[in-house]
Amino acid sequence: MCSGTVEERSARLVARTFLGGGAARERGPLLLELDAPEIAAKSLPGQFLLVTCGEGSDPFLLRPLAVAGVRGEVLSLLVQVRGEGTRRLAALAPGSVLRLRGPLGTPFTTPKEAERLLCIAGGVGAAPLLFMAERWGGSVLLGVPDASWEGLVHHCVSRIGSSKVTVLSDDGSLGEKGNPCSFLASEKGSALLAFPNTRICACGPTGMLAALAEALPPSLPYEASLETRMGCGYGGCLGCVVPTERGRLRACVEGPVFAGREVRWHELG
Amino acid sequence: MCSGTVEERSARLVARTFLGGGAARERGPLLLELDAPEIAAKSLPGQFLLVTCGEGSDPFLLRPLAVAGVRGEVLSLLVQVRGEGTRRLAALAPGSVLRLRGPLGTPFTTPKEAERLLCIAGGVGAAPLLFMAERWGGSVLLGVPDASWEGLVHHCVSRIGSSKVTVLSDDGSLGEKGNPCSFLASEKGSALLAFPNTRICACGPTGMLAALAEALPPSLPYEASLETRMGCGYGGCLGCVVPTERGRLRACVEGPVFAGREVRWHELG
Amino acid sequence: MSWDDVCGKSNPGVRLSVCLGGVTLASPVLLASGVWPMDPSLWPVQTLRGVGGICSKGLTLEPREGNSGIRIWETPCGVLNSIGLQNRGVRVFVEEELPRMAATGIPVIANVAPAGSVEMEPLLAPLRSAGASVVAVELNLSCPNVADGGMAWGKTPEGIREAVRAARGCWPGPLWVKLTPQAPDMAAAVRAAEDCGADAVVVANTWLGAAMDLKRRRPVFDRIVAGLSGPAVFPLSLRCVWEAAEATTVPLIGSGGIASWENVAAMLLAGATAVQVGSGLFRDLDLPGKIVDGLAAYTASSGFGEISDLVGTGRKYSEYR
Amino acid sequence: MSWDDVCGKSNPGVRLSVCLGGVTLASPVLLASGVWPMDPSLWPVQTLRGVGGICSKGLTLEPREGNSGIRIWETPCGVLNSIGLQNRGVRVFVEEELPRMAATGIPVIANVAPAGSVEMEPLLAPLRSAGASVVAVELNLSCPNVADGGMAWGKTPEGIREAVRAARGCWPGPLWVKLTPQAPDMAAAVRAAEDCGADAVVVANTWLGAAMDLKRRRPVFDRIVAGLSGPAVFPLSLRCVWEAAEATTVPLIGSGGIASWENVAAMLLAGATAVQVGSGLFRDLDLPGKIVDGLAAYTASSGFGEISDLVGTGRKYSEYR
């Protein structure tokens, strides 16, 4: 009857790797590796966790973070420091114990045999997509702002192979100059999309996801993982809803992965 | 005009030593050594600091802790874990940075040349008295509950010499069986008090301090350092007042050291 | 997993059950309205240990899609919410959601949010037809996040009287009334509810707050104001419970900021018979279980045999005011 | 150290000063009543940077020794206090304390807590005689910690009117009125103050809370209830300021939970002209300086030249309610 698979457990931080270069080091992205066998075993690409970022009740809410990979009993997260919670998280020394709630949400659709997976990532949006590409094969289009993101690029390459990763940067200092949208509009990009049976998974800034929904050929399956503020993570509070053609749906249950063309992008803050 | 000497500064924790034995280890007392040159230089025995016990606003208030010693630029605190704040404080690894506010309060009266100082400590109440005895000479009567306090006894002995420390424990497992009050009522204790020009400084549980006020010969100067809840530490909020013959006085300005016979002990919670 | 499994196991020797205006619950810890899914397949199982009952989402006559824009905003030790009663309507509740919830064996309390007295009968009729599946109706006079009905009603004793009378007229079973802390006089509010037949009073819903978005230079919430909950408000809700207990003999259910067994013990000492846990679950899915464990130990160490023996024991002190 | 030294230095390019109902202050950040010593020899110097004025402790006609028992209790992100207006009385203030405070060059606001209308004249007469040393009188209609006067007055528009009228009659200088958040209708409260001649309104004092001592099994405070302040209440006081700004054109001074420049910016965007910082000092003695630094940077990045240009800019959003 109460068949919920969501669990909340303590997990030890076994490793912390700063991927950001130079001055950006503290900002991340960081790779956090956690010893979390039960949750790791159940997690699928596109699912996420809620994570405590310190003791006491301030910050009060847990932070949503995508499962960025599972290797045996170790679950990894990719974290970009944006505010106080992620700052505290990034400051935790290996050995620290966190509480994890998960796995949460609906994963990306498992590609069919015949399908070819194209993952489109903006910055730390790479997190769920790396897990996806690692699990199901496929290539990754990764857009980043500038060269301070080199560490993330290396991390992607080391995990899924350089032949599978196309890098774009806003200022041209890493890979090609541009972003996933401008790339897909280019000749090379169109060729990529013309490949038969392509399935697209995307995660990154809302603007990018919305632009993709406009730009991608309507025939291509397109799923996007969205970010919203969350209370509970298990579908109780309705704090995380996303406006869609099917009404206001919970990012933590029906999402965070939504059919890209179902989302009412213009209604999103 | 605004000549306040209170400062608030960041200070690095340079060493943490657990003095509690066995299972009591985490409970303390712990010795915390902080690199705090400016505050160390100004601190006098009996004065205290307010100390943050973590980031964020929970716990919200700083914790009052007596200055337990000063050696060059290093200021030491003796902390017993009683609640959430001291628990967090005890969990901080060396290298952590704390905020310190101080030095606060009125110190113990400096003994006159001719005076012989007798310090009476209950448990972690030893903190300001060790500083006192170290600075001005004098002997220490230290009452503890049981053998788990051995580390504190050793610490006292190592700082002021075994000949100067008399140890009493409630269960007789360390030093003599008894407590400072029962000891002073004994023959040995009376002899100690009969010594001319004795000045008494005490710190420890309120019950002990009150009992001393009753028991000590009225001719002996008797000062006691009290514990009350505090907001500001600098005399602004009037949250820390102690009922005395001269009215409700601030423990953070007029105290924490009070003339023992001036305090209205029965009005204390 | 049955109700018996989830309650009462871990604390032999201390009786956890409470009697609450005609309803006996296995534990004084309820899950507050609006934080728990209506679909048991989503329920995190570990949370159910220690739970004496579950309050439904605020139900309205017709389905509602709730508020637009940001709905959840973190504050120091708390959270602001502006959900706006998103729910599928009382009929879908009775037909689809309630049967599944009731089948878990955990008592279900139906939280209803009528937009006015005229809605009372059509809103409660479907619940009457649900029979014993609804152990109590919780009349929400306190939602700060909708324009109609809700809090406006709950702020004055007259409004409370009107609403409770209307509900009492069409709901024969146990009737709980959930007050708003925006009511300026808790004592008068709780007496109004009692006078008109409330079997228990919930003290209280969220506190009206606001937040500003410095980047967008506008209020965070589309409706500007939102409801504050979480540990930040605990001292305030405890005070409300104290004041309410001063004024009534109707059983009280404390709500607002509960995040530990100590909070619950404080509520009981102040006069509450039970409590509701809401945002506390956002931080700790084991909270109900931890609460009953801690409460049972405190009860035993106080020399009592039942958790409910604690109720009001902090009120004997009389040197006040 | 002079007033000029402590304000305005660190932010060239952005003007920090504000005009507040006839008083010009070098910074919008004031030290709230009740958290700052009356004796400048105790003032932590580092706190003065960024401070535009200092509110005195609540002054009463006769000396008061304040409340017995525990006076300060920590809560999640906040603090409950039950000081009960301990002070040496208005005459000692005028003769001993005020001259020393005024000599620092920092504007002093006299916070007065009359026990009733009859006390108004004798309480304000000594302050009149103090001349320019008192830049404003802050009429405290909001102390939750005493049995007489205080909050009871401030809860209704009628009470506010009576009190402000009485004060206005015997205080010709700038008159600020400090409201209680327990007033059920902030808009009505602030209008009442405005109607009777308040030059500025402080929104608001502490929130009525309580705490229970589980060991002693009784309320922590001898008076049971106490005033909650600190970051926990910030969302609540911001909402009060929003509501007040909706109802009045009198300058507002935000108070309650301010612990960062972001909090102050939010208050200004919501319509406050200045703010008071109280318990925030318990945690951070550099708070006022940090606030003006952050505010100045935010002002500049918003394209404004003065901090006061921010006032009300968060209110232009109109899709609400």
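For reference, chains read A, B, C and D in written order, and residue numbers begin at 1 within each chain.
Basically, a residue touches a chain if its C-beta (ideal position, glycine included) is under 8 Å from a C-beta of that chain, and two chains touch if they have at least 3 such contacts.
Bear in mind that the values here come from a model prediction, so they are computed numbers and not experimental data.
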Among all the other chains, which ones are in touch with both chain A and chain D? B, C
Computed over C-alpha atoms, the centroid farthest from that of chain D is that of chain A
For the chain pairs B-C and B-D, which is connected through the larger number of C-beta pairs in contact? B-D
Taking each chain's centre as the mean of its CA atoms, how far is chain A from chain C in angstrom? 36
Dist(centroid_CA(chain B), centroid_CA(chain C)) in Å evaluates to 46
Just the number, please: Cα centre separation of chain A and chain B in whole Å. 53
Residues in chain C with touches to at least two other chains are numbered 75-78, 230-231, 259
Sites on chain B at which at least two other chains make contact: 57-59
For the protein chains shown, what form does their contact graph take: line, ring, star, complete or other? complete
Would you pull the chain B residues touching chain C in the complex into a rising list? 57-58
Residue positions on chain C within touch of chain D in the complex are 75-78, 80, 147, 155, 182-184, 207-212, 214, 217-219, 222-226, 228, 230-236, 238-239, 242, 257, 259, 262, 265-266, 269-270, 298, 302, 313-314, 316-317, 319-321
Contact footprint of chain D on chain B as seen in their complex: 1-4, 6-8, 52, 57-62, 99, 101, 229-232, 234-241, 243, 247-248, 253, 267, 269
The answer for chain B against chain A in the complex is residues 54-59, 84, 88, 93
Can you list the chain C residues touching chain A in their complex? 1, 34-37, 39-46, 48, 57, 65-66, 68-79, 81, 83, 86, 100, 103-105, 230-231, 259, 279, 281-286
